[in-house]
Amino acid sequence: MDVLILFVMVVGLMLIGVPIAVSLGFSSILFLLWFSDTSLASIAQTLMQAFVGHYTLLAIPFFILASSFMSTGGVAKRIIRFSIACVGHLRGGLAIAGVFACMIFAALSGSSPATVVAIGSIVIAAMTQAGYTKDFAAGVICNAGTLGILIPPSIVMVVYATATDVSVGRMFLGGVIPGLMAGTMLMLAIWIMARVRNMPAGDWLGWGEIWASFRDAFWGLMLIVIIMVGIYGIPGITGAIFTPTEAAAVASIYAFIAAVFIYRDMGPLSSQGEGKNSTLLHRPQALLTAFWHEDTRRTLFEAGKLTVTLMFVIANALILKHVLTDEQIPQKVAEAMLSAGFGKVMFLIVVNVILLIGGQFMEPSGLLVIVAPLVFPIAIELGVDPIHLGIIMVVNMEIGMITPPVGLNLFVTSGVAGMSMMRVVKAALPFLGVLFVFLIMVTYIPILSTWLPTLMMGPEIITR
Amino acid sequence: ADTAGCDDGETVIKFAHVTNTDKHPKGIAAEMLKERVNEEMEGKACMEVYPNSTLYNDDQVLEAMLQGDVQLAAPSLSKFETFTKQFRLFDLPFMFKNIEAVDAFQQSDAGQAMLDSMQKRGLQGLAYWHNGMKQMSANKPLIMPEDAQGLKFRVQPSDVLVAQMEAIGGSPQKMAFSEVYGALQQGVVDGQENTWSNIYGQKFFEVQDGTTETNHGVIDYLVVASVDWLDSLDEDVRDQFTTILNEVSQERNAAVNEVDMEARQAILDAGAEIRELDADQRQAWVDAMKPVWEQFTADVGQENIDAAQAINAGL
Amino acid sequence: MHPAPGHRLVDRVEEALIAFILGAMALITFANVVARYVFNSNILWALETTVFLFGWMVLLGASYCVKKSAHLGVDVVVEMVSLSARRLLALVAVAVCIAYSFLLLKGAWDYWANFANLPQTLGRWFPLGFEENFRPKAWYEVNDIPNPAMLNFLETLMNDGDPYEKLPRFIPYAVLPLSMALLLYRFVQAAILIWKGRLDRLVASHEVEDELAEVRAQRGEEV
């Protein structure tokens, strides 16, 4: 009962415009002061430990930084050109290329809204010009953008791994096949719609264009290779080189080098628009000045600010988690569910419902921090694989992002496309159906999530 | 209102630890303690266990204890470095011949005195809990100390353990515990050191070439409470509680060797390699690692080293 | 209605600090990878330094984001109601935020004080004076970061002359009371702006508002 008051308070505060982080933190503090003997100082300790005690969360700022360097530079543009060269000639080709580009960018970026902004800001305009309706274009990108958190790297997966102590690397592998599948299903749905509605097809630009656009996008695509090879190695050739957290840091350094010294879209060698970029030979001092160049500082700051807003939510969600643990709520929830005789199937339905409802109000990472510890012990008890549970959660978060009232991708798409929220909601609806089918598949076919991690890293060990 | 199942008027004892409740020696002991306290001290005290680092990790829990937010904890001995450097004794390689020597030292005057050594910093040691002797594993056979040359070892970030790995030419690395399995498997690090039950529990043996039975160190835990909390208890409550704790500690410590050997056997049954050292090989490891002692003698006290060595000699 | 991006000195200092900390975090972590993989060595203090920097960036950045109304939130309801109701909601919301940061400031002080040999406050909800007897904890060191020689003077000042092998915890933890005080200050400022009708909400509805503003600007829309 007490807990119900807590959750009602969190949602109520959020709805009147209190920042999510403060809603979580303030409700937790009141709950703690009223119902327990624990001190206010313990809240401050938890706040500090959100950073100091969770090494894996470090991946978040680094993946955000890598993605910022990649979007500030023109990498998104190059990826789109490559996507169009590959699939643009199919019926509905530009839309399919949009999904394809979202999948590729998702493999560079850990966030869904970032994916929508990077790809959507270019593709939606291009699609409208090519004769698609704006609603269709917005609906496609709004949905495909959710792949940002399913295809690794993924901020939401890092948060899940941190909250439940499973390996980040394993979680990332778990997302690969579902991510490719969801993307393929979306592309297939578009292709069918395009045939039915007789949508435009682009010209086949030839293998030359595929090769040329690939070469142009190469340095951006290399980031995917660096992350994957760095974390997992190449079987038979090299072992892994770094942990997922380090991979994120290396990715951000690489993205900086690619944007400033290779593509020269930004930084001291960039001509800022007109004219030819200069080279290191002409301006060797750029090797140093690049570090404090205005563009570098700006990108660092933007990524830092984004990290601050996300992590402040996560840190306060960790406070709520701490208070729930202190009051032994997870055990009680587990007891209640198990004594109600829940089996695996029923349990997974309940998890889906909780997350779908929660996802209507909450920012995904914060929601995961709270829900994962509540359901994880039950999942283990019922023999649900932790990675499978994690992927289910991520797919739920994806759906939450494209359903009102709180849907990060809806907001962002409405901004990118210059459409009203309600119009975007309607536009996204047909593809939402695809994601729902996908959610059911992911929920009841565990092998989709567990096959690749088991193949690469052996069977999951459960030490709890 | 207390939502956690304790009655009003009972002294609440929150015990936070970092392992599971049914497979790890510490978790098993904690559950046993909880059951006995809740049964025998009904109406006087009530114990709640928070396992799996759900409430606090080893680093936070001591801060929270001094703050008064948790009453009981059992971090590994190396976590007490900041409170007193004496506990570095237990990290020093080849200080104890086997777990019996560790036990004898802990029960000796020197070991018991160490329980009181943190009082001025607000902590009181109550009991030692065994985990076991440390073994060493890597992605290649470790027979002689030279085999460890150039290998990257994941260690607890204690100065002694860093020095120990450097003494055999290894490169000590720090990383989150949840990433160790993946890091060993993928080759981010080459090896690690741990007790049989940890190596089995974390399945490290699956991703290593083999484990060498070095018994070169010990992982044990210290059950602690804050001085202020202990002082606040009624004398009969305190006495009954410490009596129960001592009985549980004795019972579990006596059984821990068995748990350790079961884990060792389970590793063998799983088809993994365990390499035993002959006397010369073992001596080579001792010769390579023992110089580390000198560096820390002032911290741990020559008299404690002497006491430990006297016990080794007597076994 | 968001306040225009400021270019005051304080803004620039805060922005530079956020950028610098994030850059330092990435470089230190990268250096550790290079040390391990290229030189088969290690930087044992790298991880702990990075997580402390992480905490500093987010905690200090939180007050900056209050100033810029950048904290994530839900403005669906706020958008639906009349202007006067909106102002009322904003006032209630900012009152909650002030209460939150006040309680956290007390908690942060109580947590940090003993680490710096200072007294905690008394009282469960509100500070009712300072405790008289307490156990100073300035001897409490971090795990990995060595104490730099230039801080050796702290040994006599804080630690009865005992040497610090590692950095004492009160230094990294100092960010807690500092950042919570700043947070309280920024929320009070926001409250004044809302009262005067110059600000109508505390939150941003998603994380990429700046990027969106750029896209809109490129489309020639008014931002």
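Per-chain numbering from 1; labels A, B and C assigned in written order.
In the analysis below, a contact is a pair of C-beta atoms (placed from the backbone, for glycine too) under 8 Å apart; a residue touches a chain by one contact, two chains touch by 3 or more.
For reference, the UniProt names are A = TRAP transporter large permease protein; C = TRAP transporter small permease protein.
A quick note: this is a predicted structure, and the numbers were derived from the prediction, not measured.
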Interface with more contacting C-beta pairs, comparing B-C to A-C: A-C
Maximum centroid distance from chain C, chain identifier (CA atoms): B
Length of the line joining the C-alpha centres of chain A and chain B, rounded to whole Å: 39
Approximate Å spacing (C-alpha centroids) for the pair chain B, chain C: 35
Whole-Å gap separating chain A and chain C, where each centre is the average of the chain's CA atoms: 24
Overlap residues in chain A, where contacts from two or more other chains coincide: 39, 41-42, 45, 55, 241-242, 245
Junction residues of chain C - those touching two or more other chains: 47, 111
Sequence positions of chain B contacting 2 or more other chains: 59, 63, 67, 175
Residues of chain B touching chain A in the complex: 1-5, 12, 20, 23, 48, 50-55, 57, 59-60, 63-64, 67-69, 175-176, 178-179, 181-183, 185-188, 201-203, 206-207
Partner chain B, residues of chain A touching it in the complex: 2, 35-39, 41-42, 45, 49, 53, 55-56, 161, 165-170, 231-233, 238-245, 322, 325-330, 373, 457-458, 461, 463-464
Residues on chain C engaged by chain A in the complex (per definition of touch): 15-16, 18-23, 25-27, 29-30, 32-33, 37, 47-48, 50-52, 54-55, 57-59, 61-62, 64-65, 68, 70-78, 89-90, 92-93, 96-97, 99-100, 103-104, 106-108, 110-112, 120, 124-125, 172-173, 176, 180, 201-208, 210-212, 215-216, 218-219, 221
Of chain C, residues touching chain B in the complex: 36, 40-42, 44, 47, 111, 114, 135, 137, 139-141, 143-144, 165-166
In the complex with chain C, residue positions of chain B that touch it: 59, 63, 66-67, 82, 121-122, 150, 152, 157, 159, 162, 171-175, 228
